[in-house]
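Multiple structures are listed underneath, in structure tokens.
Consider the two complexes below, in which subunit A is the common component and subunit B and subunit C are the respective partners.
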Partner chain A sequence: MSDIHEAIRQTIEQNRVVLFMKGTKNFPQCGFSARAVEVLKRCGAEFKDVNILLDQELRQGLKDFSSWPTFPQVFVDGKLVGGSDILLELFEAGDLQKMLEAPKAS
Partner chain B sequence: MDRIELGRLLTAAFPDGEVEVTGDDGVHFEARIVTPAFAGKSLVEQHKLVYAALGDLMKETIHALSLKTYTPEAWARKR
Partner chain C sequence: MTIPVVQRPVRSSIETKLTAALAPVHLEVDDESRMHSVPAGAETHFKVLVVSDAFEGLGPVDRHRRVHALLAEELAAGLHAISLRTLTPAQWQASTTPFRSPPCAGGSKGG
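Take a look at the complex of A and B:
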């Protein structure tokens, strides 16, 4: 596994919820990323934000790692949940809340 | 790239599905796809099928593609 994939894997394992996004949770720099931050905040979910605009290698590495071409990308318990569309759909169906309430899958 | 062409591409990729594409600025699109091919797949897996069908187009040409994916049953429930 390449270094960047290893770094990604560690980040998503050390943090239950990770949002790889354009900008930061306080200063999102893209509408889709801002929507993802909004949904996670409304869920009261604690999450780690990672600004992919600061690291081109991370940005490309993530697209290969998760085979997902766009940002933001949300990971819960080390698994890709999706982008802002899916996050919103899961939130509206109440599935996101269930996912976050469930004890960390060991 | 315009929505007609994107619609044609998606229809070819999901021949037994129903595809509707909106978006007139050539870069931001919304596509709704209803197909039995999504049965038993999570939302992430469904969207990955769509991205796979579009391949490199997703890299540069299509900046923002908002996807709504359903199996026929899910779509019937939604309407």
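Take a look at the complex of A and C:
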């Protein structure tokens, strides 16, 4: 496994909710990333933001790691939940709130 | 890496491939590139609504992956953002929420 994939794995294992995004949660640089931040905030979720614009290797490595070609990407409990469209759909259905409330599966 | 040749406009290419593979009962492909910080005429940002029986039994991540796989050439050739809504015919009938894209925040320059 490449170093970058190992680094991604550690990030999503050490943080329950991770948003890989363009920009930061305080300064999103893409409308879709901004929407993902907004949805997570409205759920009251603690989450780690990772700015993929700062690291080209991470940007490409994450696409390969997750088999997902676009950003943002949201991981919960180490699993890809989706991009901003899926996040919004889950939020509107109330499923995201439940997912984030549930205790972490061990 | 070789960049694949994609039929233009890209909207037609997307429509052709999704129609052939998914036999959608409803398909909307909107080119929203003009809303983003890309050169005039660039075909980079699309919004796609696909309603198909092919999504029955698949979760949202797998549905999107199916569409991403069908559009792999477009994604490799410069399709930069694709906002997707993937529904079964029953979900489409029951759907009441509008499908809108967020405004650009300027970070898409440089691919």
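Heads up, the rule we're going with is that the second predicted complex is superposed on the first by the 106 of 106 C-alpha atoms of A that agree within 3 Å, B and C clash if a C-alpha of one lies under 4 Å from a C-alpha of the other, contacts with A are read in each partner's own complex, and residues count from 1 in each chain.
FYI, a contact is a pair of C-beta atoms (placed from the backbone, for glycine too) under 8 Å apart; a residue touches a chain by one contact, two chains touch by 3 or more.
Being a predicted model, the structure only gives us computed values, none of them experimental.
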After aligning the two structures on subunit A, examine subunit B and subunit C and state clash or fit.
-> clash
First, second, both or neither for A:28, with subunit B first and subunit C second = second
Who wins on subunit A residues touched, subunit B or subunit C?
-> C
Using the superposition on chain A described above, determine whether A:81 touches subunit B (first), subunit C (second), both, or neither.
-> both
Counting only touches as set out at the top, which of subunit B and subunit C does A:68 meet: first, second, both, neither?
-> both
Look at A:46 in the shared chain and tell me whether it touches subunit B only, subunit C only, both, or neither; answer first, second, both or neither.
-> neither
Could you tell me if A:89 is touching subunit B, subunit C, both of them or neither one (first, second, both, neither)?
-> both
Return the residues of subunit A at which the contacts from subunit B and from subunit C coincide.
-> 32, 67-70, 80-83, 85-86, 89-90
Touching subunit A in the complex, subunit C uses residues 60-61, 64-65, 68, 72, 75, 80-85, 97, 101-108
The answer for subunit A against subunit B in the complex is residues 32, 67-70, 80-83, 85-86, 89-90
Give every residue of subunit B touching subunit A within the complex, in rising order.
-> 43-44, 47-48, 51, 58-59, 64-68
Any idea which subunit A residues touch subunit C in the complex?
-> 22-23, 28-35, 53, 67-70, 80-86, 89-90, 92
